[in-house]
Amino acid sequence: MVLLSEILISMKRIEIVINEESLDDLLELLRGENVRGYTVIKKAGGFGSTGERDPDDYALQQNNVIVVLACEDEQAERVILAIHPKLKGFGGMCIMSDCQWTVGPAVSY
Amino acid sequence: MVLLSEILISMKRIEIVINEESLDDLLELLRGENVRGYTVIKKAGGFGSTGERDPDDYALQQNNVIVVLACEDEQAERVILAIHPKLKGFGGMCIMSDCQWTVGPAVSY
Amino acid sequence: MVLLSEILISMKRIEIVINEESLDDLLELLRGENVRGYTVIKKAGGFGSTGERDPDDYALQQNNVIVVLACEDEQAERVILAIHPKLKGFGGMCIMSDCQWTVGPAVSY
Amino acid sequence: MSLSSLLVPAILFFALGMFACLIKSDLKFPPDMHKMIVIYLLIGIGLHGGKALAGSDMGSAIPAVWAALAFGCGLPIIAYIILRALGKIDPLNAAAISAHYGSVSAGTYMTAVAFLAGIGVTYEAYPVIMLAIMESPAIMIGLVLAGYSRRILGGASKTDKGMMKHLIIDAFTNGSILLLFGSMAIGWVVSDASYNKIEPFFELIFMGALCIFLCDMGMEAGKRLSEFKSVGIFLVSFGVAMPLIGAACGLFVGHFLLGYSVGGITLVTVLAASCSYIAVPPAMRLAVPEANPSFYLTLSLGVTFPFNVVVGIPSYYAAAQYLHATYYPW
Amino acid sequence: MSLSSLLVPAILFFALGMFACLIKSDLKFPPDMHKMIVIYLLIGIGLHGGKALAGSDMGSAIPAVWAALAFGCGLPIIAYIILRALGKIDPLNAAAISAHYGSVSAGTYMTAVAFLAGIGVTYEAYPVIMLAIMESPAIMIGLVLAGYSRRILGGASKTDKGMMKHLIIDAFTNGSILLLFGSMAIGWVVSDASYNKIEPFFELIFMGALCIFLCDMGMEAGKRLSEFKSVGIFLVSFGVAMPLIGAACGLFVGHFLLGYSVGGITLVTVLAASCSYIAVPPAMRLAVPEANPSFYLTLSLGVTFPFNVVVGIPSYYAAAQYLHATYYPW
Amino acid sequence: MSLSSLLVPAILFFALGMFACLIKSDLKFPPDMHKMIVIYLLIGIGLHGGKALAGSDMGSAIPAVWAALAFGCGLPIIAYIILRALGKIDPLNAAAISAHYGSVSAGTYMTAVAFLAGIGVTYEAYPVIMLAIMESPAIMIGLVLAGYSRRILGGASKTDKGMMKHLIIDAFTNGSILLLFGSMAIGWVVSDASYNKIEPFFELIFMGALCIFLCDMGMEAGKRLSEFKSVGIFLVSFGVAMPLIGAACGLFVGHFLLGYSVGGITLVTVLAASCSYIAVPPAMRLAVPEANPSFYLTLSLGVTFPFNVVVGIPSYYAAAQYLHATYYPW
């Protein structure tokens, strides 16, 4: 266990789901908060307060996008505080959980 | 930190992976449990007790789908209990973890 | 709550993001550690220490892949220790968090 | 006209698609395939139209433009009144549904073109202009009807100006409209020699590609058809009656006002009778989020489109023939 | 027949695809492209077949139907016996592999059609019916063989009735079979004038599109070929021997029982010799989950398909020619 | 040459695509559609070239090969010197950008072919060989320039041998090069009868498919064009000047050294003036990760490509015509 604790850092994992058209705005916001790493999954579907969103629907194609980012606690706090007022416009969800980052040669959080 | 605690609610994050053909059944089950929000990622691949599943395989295309949902603790409990007996049919996995939901204008959990 | 605790097992959830070309190497490594289940999401994008990676870019298509796996604590430890020295080559991230696995008829962790 | 004229390959492929859906076959065309064929067909129809227009008298196109605008504005209002008065449909759903009937379906138009080509009937160059023009006005009218509905409902009538503008811009920068207008312009300006180089791709193989498109549309319509029940008997009847009302207007305008040939009247009638399932649904989803999408989509894709393709087009043609033979005004 | 008849573009493109895979090129066709071409080719072959059948005597099609059913049921049993007796392959893998050899590969059939077209040989209209019919029976026989194998293995012989039914329904609502039968029916009923409108898309450019399909199949076969080792020498030899056995049956049936021309015999032989990689693999994955998919896929895509395309078709043609010249029964 | 020769459909569709991007239309072609058309076009151009070469004297192809190698090696060095001396661009960005200008753009080449076809000008069979050959050498020179730059920068000059080898292999197993060479070989060997069977797909409908490709490229170029500002005035001017320098070399080589016809000179000029956006960018991303991709991509896709398509090709043709008429060396 000694080894593991040396290569793991306690961090936060933030998972955001919004509609795909708002992705650029979100990424700009994240870059504004100096986020140095995120992962993007496009063409997701879902269901929420605004009803169903289905990327495969023929006439009413509506794509969600998932953005996952791991960052340190203060950074996470800043991100959450920055996203919170915008969530209405993005129309989606944002959840945060604890995670442990495996240190690597390059830092991207 | 005061601010953050005001906009975060402790919830559960449930992540389900099943084969894509069973998606409709799963969503029906979730709707039966009054789930008010979920996110769907299609065309996933994977490996499990039934071997490899690859959406890109030419002759044997087999798609998994990932469903992520955030909900309150009791709701999560109900969902897990409802899914548990069906897991065999769906052929997949279902994991749950803690998360914190950023409150937004519309409630979808 | 009695019921729930009977069908849930404490496990680890590992989430790895690497470039798609390295996927085969990663899966080989995972199989080498006797991982018995994982889920793969291809065509992801992202941003990290090596800049932006966009699967939809016309001239410079660069795909990330996300691999999620749930496994028992010791197994997770082994996986993290095995992946750690390779992260540079894969060029990505690897995070771990706690989760609870819903027991099903077939064991794939 | 015999029943055998129904045996147009395009329509048979539509039926095949519906059949596949009915027997729950796993037949499925890649979604991108559909998008690609739509792009191809729109360009093809635009180029062909532009080339035909280049050889026509452009002054004579003006009445067609006016007719298109009249249909786009008038038909949704008729639809709205019917839905509200006869159907007691709630105002916002009525507004959203109405907008669809003022617009057109390029798929229906192309099927009609295939039908006419199959029986060797010629037509004027102008209906294709109407096709391109009619996509947008109905969206505007839909917005107006929705605003009016909200005022009826007593809700805060704060019409979101930003969204209004957004939607209007959208309506005119819409991809399919742009493709249609753009390729029409290109067909117009290029020389015959140049056109002949691209003709094999855009005309020679057009009818075959249309078959694949309609097979896919058949599957899509079949999927929607299964939602009949959730939509209710009144709306389903409306989905059959409204194209007939549109067709009546189209026949009248095409014959008496525009004075077209039988082929031209048929196409004008099809435009008036058809109902959008491409540009209007996303616009209404955004502009009238309170309306239930499964209502307008089921009506448009599951009822009116198949009705027009299978029953409507030959009937409209027969009616145009009758009208042309009986009331020849010149 | 000279070696130059091998220089059919379609077959050369297949070789190009295999070569690309061999030198580990990053050449990759979009998966949807492949699906689209398959849809297109199936419709094309169906329409063409339907049109040809419309001009044929349908009574004479009955023997072809019987032959198809006989191949579909007989060949898997022969394959199963060989795999069990000679190869000591475990019963469930043997059952799953066998099923593939009773079915057909539309890709091989179309390559044979291209080959015959290249050397200007005509053929009967009936083999295309056999192509459409032969997809399904082999799946049923595969299920029966798997049930029998399970009983041998002493396992609980509770054959899952639900899945049995599911698979049988699947086999008959299968998308490619539906497309083939559907477009055959459409080709049958439409008038010549209508058919001529869609002919450029479905016939004129068919052979070119087939080249792209075969290039992609070459890459797929190349990928599977690299799994040779994991499959073992016996199975690889089986993948070459079984099509030869099928071909012998096909030659016999095509010449002596059906009495077809050289072209027709060649096509019947190709049907008997070919092996499914579309409908059967997913069915076997579901019905016989205990079997190792990499066995039947490597055999079907990596061994038998390339063997038939490169070596088989010209040999079967030569054999048909010889047979026709030597034992002319009439 | 009148302005109307600019009204080639292919170029108009390119303009339509840029226009769509400019007015922020939601027009968007499926990414796979683009990949498919590229595959199709490369095979088509290869087959056509191969067939033409089969009828040519192969000895005369040697000078074309040498010219291709000279362009591939020489042009990047010229570009590098200009970027470093005049633009004070940092060495690694200069190396990465330079490599692009030694390579070619098949899209530009095909537009030029469409242009020549539109005005009925014939050309030699050899430029297509140059197209196939020129993709790779520039990548090598890019690697060398990057290594040299790193040494200038004083960094550890440990050139990663593994990656070097990887990139060289990549350059020669690259999918598009393989398709081009492969289909050229196939076009070469197949008989005329065989070729005629696939000609409708690969030639007859080629020019139409090219229109769709260029419409998409127009949108892509439009997207990149909007990044003008981040690239700076010097680089944008370089993106216009460099193709002119390349064109000058091309005109000289095409006319005086290769002695081609006006059509042939035009194609050689286009090859020298064009700039890669397919094979080179990913190679440079890997080999020179320090360089900013938005520099070379904006230059290649947003500046040089549209410049060549809209202004370059007709000018190069006019220049070739002038040169051919004035300095006829034989």
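Per-chain residue numbering starts at 1, and chain names A, B, C, D, E and F are given in the order in which the chains are listed.
Criterion: contacts are C-beta pairs under 8 Å (C-beta built on N, C-alpha and C of every residue); 3 or more make two chains touch, one makes a residue touch a chain.
Keep in mind that this is a model prediction, so the values were computed, not measured.
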item	value
Third chains touching both chain F and chain B	C, E
Interchain contact steps from chain D to chain F (minimum; 1 if touching)	1
Averaged-CA centre spacing for the pair chain D and chain A, given as whole angstrom	41
Averaged-CA centre spacing for the pair chain B and chain A, given as whole angstrom	17
Inter-chain centre distance, chain C versus chain D - centres from mean C-alpha coordinates, in Å	48
For chain C, residues that touch 2 or more chains besides their own	41, 50, 56, 97-98
Where chain F touches two or more other chains at once, by residue number	32, 36, 200, 204-205
Pairwise touch network: line, ring, star, complete, or other	other
Chains touching one another, given as label pairs in label order	A-B, A-C, A-D, B-C, B-E, C-F, D-E, D-F, E-F
Parts of chain C lying in touch with chain A, wherever the complex brings them together	15, 17, 41, 43-50, 55-56, 64, 66, 77, 80-81, 83-84, 87-88, 91-98
Residues of chain D that touch chain F when the two form their complex	32, 35-36, 39-40, 43, 170, 173-176, 178-179, 182-183, 186, 189-191, 193-195, 197-202, 204-205
Touching residues on chain B, where the partner in the complex is chain A	1, 3-4, 7-8, 11, 13, 27, 35-42, 68, 70, 97-109
Chain F to chain C touching residues, read off their complex	31, 34, 220, 277-278, 281-282, 285, 289, 293, 297, 300-301
Chain F-facing residues of chain C, complex	50-51, 56, 58-62
